[in-house]
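Heads up, the next two complexes both have chain A, just with different partners, chain B and then chain C.
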Partner chain A sequence: MAHAEGRNLGLVEAEDGAGRQSFVERHRQLLLGCLAVALFFAAWQAVFLVVPFNPLFISKPSLIAKALLDLIASGQLLDDLRVSAIPFFYGFTAAIVVGVAVGIVMGWRARVGYALDPLMTALYASPLVALAPLLVVFFGVGVAGKAIIIFSLAVFPFVFNAYAGVRAVDPLLINVVRSLGGSEMNLYLKVILPSTLPYIVAGARLAVGRALVGVLVAEFFAASEGIGYAIARFGDLYALDRMFACILTVMVIAVALTEAVRWAERAAFPWRSGQ
Partner chain B sequence: MSETGAIKANIAIAAEEAGAPSTNPWRRWEASMLGAGSIALLLLAWELVPYVFTISPGTKLFFTTPSQIAGTLWKMFATGTIWAPLGVSASGFALGLGLAIVVGLPLGVLLGRWRTLNAMADPFITAFNATPRLVFLPLVLLWFGLGLWSKVIIVFIGALFPILINTYEGVRNADKTLINVVRSFGAGEWAVARLVVLPNSLPYVVAGLRLGIGRAVLGVVVAEFFGSEEGLGVLMVQASGRYQVDVVFAGLIIFATLSLLMTGLVKLLEDRLSRWRPQRTAD
Partner chain C sequence: MQAYIEGRNINLTFRPPNRGPVRALRGFDIDIGEGEFLSIVGPSGCGKSTFLNVLLGLLRPDSGELTMRGRRIAGPGSDRAMVFQEFGLLPWRTVQNNVELGLELKGVAAVARRKISARLIEMVGLIGFETHYPHELSGGMKQRVGLARALATDPDVLLMDEPFAALDAQTRDLMQVELLHIWQAARKTVLFVTHQIDEAIYLSDRIMVMTKRPGRAKKIFAVDLPRPRDYEMRVTPRFNDLKLEIWHTLKDEISV
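Right after this comes the complex of A and B.
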């Protein structure tokens, strides 16, 4: 049975020392993953040997690769990415600063927490994307409009995670710092922030995804540049190879951002990696 | 998982420190009163803005008050104009979510029990889960056209992964000792699944469902914004084009209420299904 096997392998590995295992065995997971991806693209390419190819309906990997190289060579892709990255940066930074501050105050001052919790929950539950058309009309399609949409989507994971993090602070630690004569500032810096940080980073992982949604929503609606706009425009032009190239780029960026946060989480707070 | 437990424990500690056993009614209702009070205060302040500040005609286009929103909401339901678009949105939601459950559950179980397949599927699941599904919208529109099926697909992509991943986690976290015991008594793979794996993964599945619902509602909104001809989302986009801000907010409230309502129902289901459990294992 699969799991028992996995368990035993782990034990054997621990006893024998990892060095004795072959390369394939050690990287089985990774190799299988790469193999599957390669197979997928190969199958995608090969299927059109049998099925008639309609460039208005689907593209194939060879054409997508070519389109991707063209877009990179002409600098168009980088331009679009830069245009999208700037509001992303502003919105996300604002979300971190505001979200963490609000969350920590909510967690530390019980009454503030009581007062804001239902409000925040209601806002978090409502599909705020729905306000995007309004925000676009009001703030325009420039950096400000996009950044505000990104901010309003990305701020809540930070609020809730910082809130939960502060409430999970070990009361014993607080009492110790207090008994030893620590000031309020010491409490924040030595106890609350360090124990809240893992929660905040976990929140960042959620927020990245929501912020990306914000970028795309804003740019689908009304924009004249940016990666979301590029995807929508290539779709309208039936330039499927270039559209797929942009979609793949966004997928790679999304995975890279998410994995980077996850890596940071593991590197900075190894004791939490099991959760 | 353990986070909720920790939080609950801390709330308990905080409550003790605050002297929860006291019979003072203010203490007992403080949390809910403050919560409701802050919302009421916010709404009141919003309502009073036009009386306190003079709003320029330009800004007035974008401005509405809670009472206006409530009036619009009431009118929508009273005249029944809301039911047709709501029905369209609901059918897209239900079909997409249903499809996600039908595909996600068996696939999650399969991936949880079969390591090779899991390793091969992992890059795809990671990629699709990390990527906002909105990115596929132009493609989906191209393939399925404006209308119901594009919406269903977008809802499906959004809701599939939380359900799939949670089912997989639940199956994988099944207690090995229990599996070995059942096995020792001569159970086959089916009996193991029915007696150990399924009951054990149920809380995870329901938690996945809860996440999936949230994402499905978002999927409906987004899909209707960009590629649909009817539905609540379309109503909202059209309204924002006509500066009918109250209609936009009314739509937002309807979506939020539906989302909260359904999440609440699933939560009830979760409590009901995990009643036999000594403590909750998943969140």
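Right after this comes the complex of A and C.
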């Protein structure tokens, strides 16, 4: 553990040591995170050694793990995920395209911004989830209905982040492109969009979580398949081990998607100094 | 006979929302000869940069005439290009892609762009930095990119808005020398705005001193130092006499 104190030495020293650090030292952050998760499940499991266990109201990790393996083995879980992935993809893609376009125009065209800001803020703040049954009535229980609910939840982080991003665009860069003969479209594509991109990706991190909520809500209300429907159905059947297995799966997907966005954020912006 | 660039009685007032109007230029006249290196010095906020933006075509004056080769300036054009004080490089573009920006906007094909940018990157001494991003460059290197970008579209007139003000003193001296080399090779008309009298004398054929806001020409000085100029000229009596004369003209306009 000669390098345990490396942080207190000079920067050069610490970097020299990096190559010789042990596996544990290099992955300390990840390992500690995993350890906490493991302890959480261990504690959950341990509680039922002393508390009487009623499988009707609660499940425990060992049963959930078994249920998860069963669902995977039967192919049911994968089928449900596949069904849910399609409206998620459509809804999220539409949210990116529409949200970014609306947010950028709101930011760049002051009058559009003044006009739409209150409306968008009200919609963002409103409990759209409560409107889900109505949307289902309008658009049906198929892919379209689900996609629209997902879209309506995921679109706002893109709108507001793109809006904020445009207002942070350096006016000097606008002048540079104008002075070199750039058109309005050039301004959008060569200055506004690229300088807004980091804000949009940050918005995507928020939108992923909201879109997943959208999947579940849509399928709670109106679906005959999909991961949200599976959670609702297993809940109705008091099959809590399988319900938790599905919830756990959604959690893992949420974490994976959020991390993927983070990774994309780092990889996509090589021009940003620092971090 | 009409001058290459001729400005007559140019007036421009800014009307910012929620604040009183600001008269930036009033009765501003200017004549610039073809191939001339003209500097404008004046107190802060006197309208020097405003005039550059008018000439660039980004600002429209309220009244007055501004022509180039007898034709009225109505907007940006590829016969004029600006080098900005704060560089104005697009941070998500590499050196090479920044240099090529104007060519790209003009619709020049990629192969031709590459050829031109390669030549200019060599000219400003940035070989080896083509794929670097602006945040990886020093201030002096950033302004070299800014200069190369302005030259890429081969404008007739180069507008420079305190281009070296953000640089340290040594880098600034070096950049002045290089600018003169480039100007002598390319023979562009240069309009150079600066706060530094030294810099103006060292570079220019003529120097316009402006009044305080609303700005107009107060006096024009011809710099009769021979070319090519070298660094040692800065310590000659002629240089210093002129510097003193310009300073006396300027100092009445400066209020602290």
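Operating definition for what follows: the second predicted complex is superposed on the first by the 240 of 275 C-alpha atoms of A that agree within 3 Å, B and C clash if a C-alpha of one lies under 4 Å from a C-alpha of the other, contacts with A are read in each partner's own complex, and residues count from 1 in each chain.
The criterion applied here is as follows: contacts are C-beta pairs under 8 Å (C-beta built on N, C-alpha and C of every residue); 3 or more make two chains touch, one makes a residue touch a chain.
Only a predicted model underlies this, so the values are computations on that prediction, with no experimental measurement involved.
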Quiz item: So, A:172: does it touch chain B (first), chain C (second), both, or neither?
Solution: second
Quiz item: Which partner does A:195 reach: the first (chain B), the second (chain C), both, or neither?
Solution: second
Quiz item: Of chain B and chain C, which one touches more residues of chain A?
Solution: B
Self-check item: Touched partner set for A:269, first chain B, second chain C, both or neither
Solution: second
Quiz item: When the two structures are overlaid on chain A, which partner does A:74 contact: first (chain B), second (chain C), both, or neither?
Solution: neither
Quiz item: Thinking of the overlay built on chain A, is A:182 touched by chain B (first), by chain C (second), by both, or by neither?
Solution: second
Practice problem: Based on the superposed arrangement, let me know which partner A:54 touches: chain B (first), chain C (second), both, or neither? | Solution: neither
Quiz item: Taking the superposition as given, does A:212 touch the first partner, chain B, the second, chain C, both, or neither?
Solution: first
Practice problem: Kindly classify A:232 by the partners it touches after superposition: chain B alone (first), chain C alone (second), both, or neither? | Solution: first
Quiz item: Between chain B and chain C, which residues of chain A are contacted by each of them?
Solution: none
Self-check item: Sites on chain A touched by chain B in the complex
Solution: 1-7, 28-29, 32-37, 40, 57, 110-111, 114-119, 122, 125-134, 137-138, 164, 167-169, 171, 209, 212-213, 216-217, 220-221, 228, 231-232, 234-236, 238, 240, 243-244, 247, 250-251, 254-255, 257-259, 275
Quiz prompt | Complex contact set, residues of chain C against chain A | solution = 53, 56-58, 76-78, 80-82, 84, 86, 88, 90-93, 101-102, 104-106, 133-136, 153
Quiz item: If you look only at chain B, which of its residues touch chain A in the complex?
Solution: 1-3, 6-7, 10-11, 13-14, 18, 30-32, 34-39, 42, 62, 113-116, 119-124, 126-128, 130-132, 134-139, 141-143, 172, 174, 176, 179-180, 183, 214, 217-218, 221-222, 225-226, 233, 236-237, 240-241, 243, 245, 248, 251-253, 255-256, 259-260, 263
Quiz item: What residues on chain A touch chain C, complex-wise?
Solution: 172-173, 175-182, 186, 190-191, 194-195, 197, 269-273
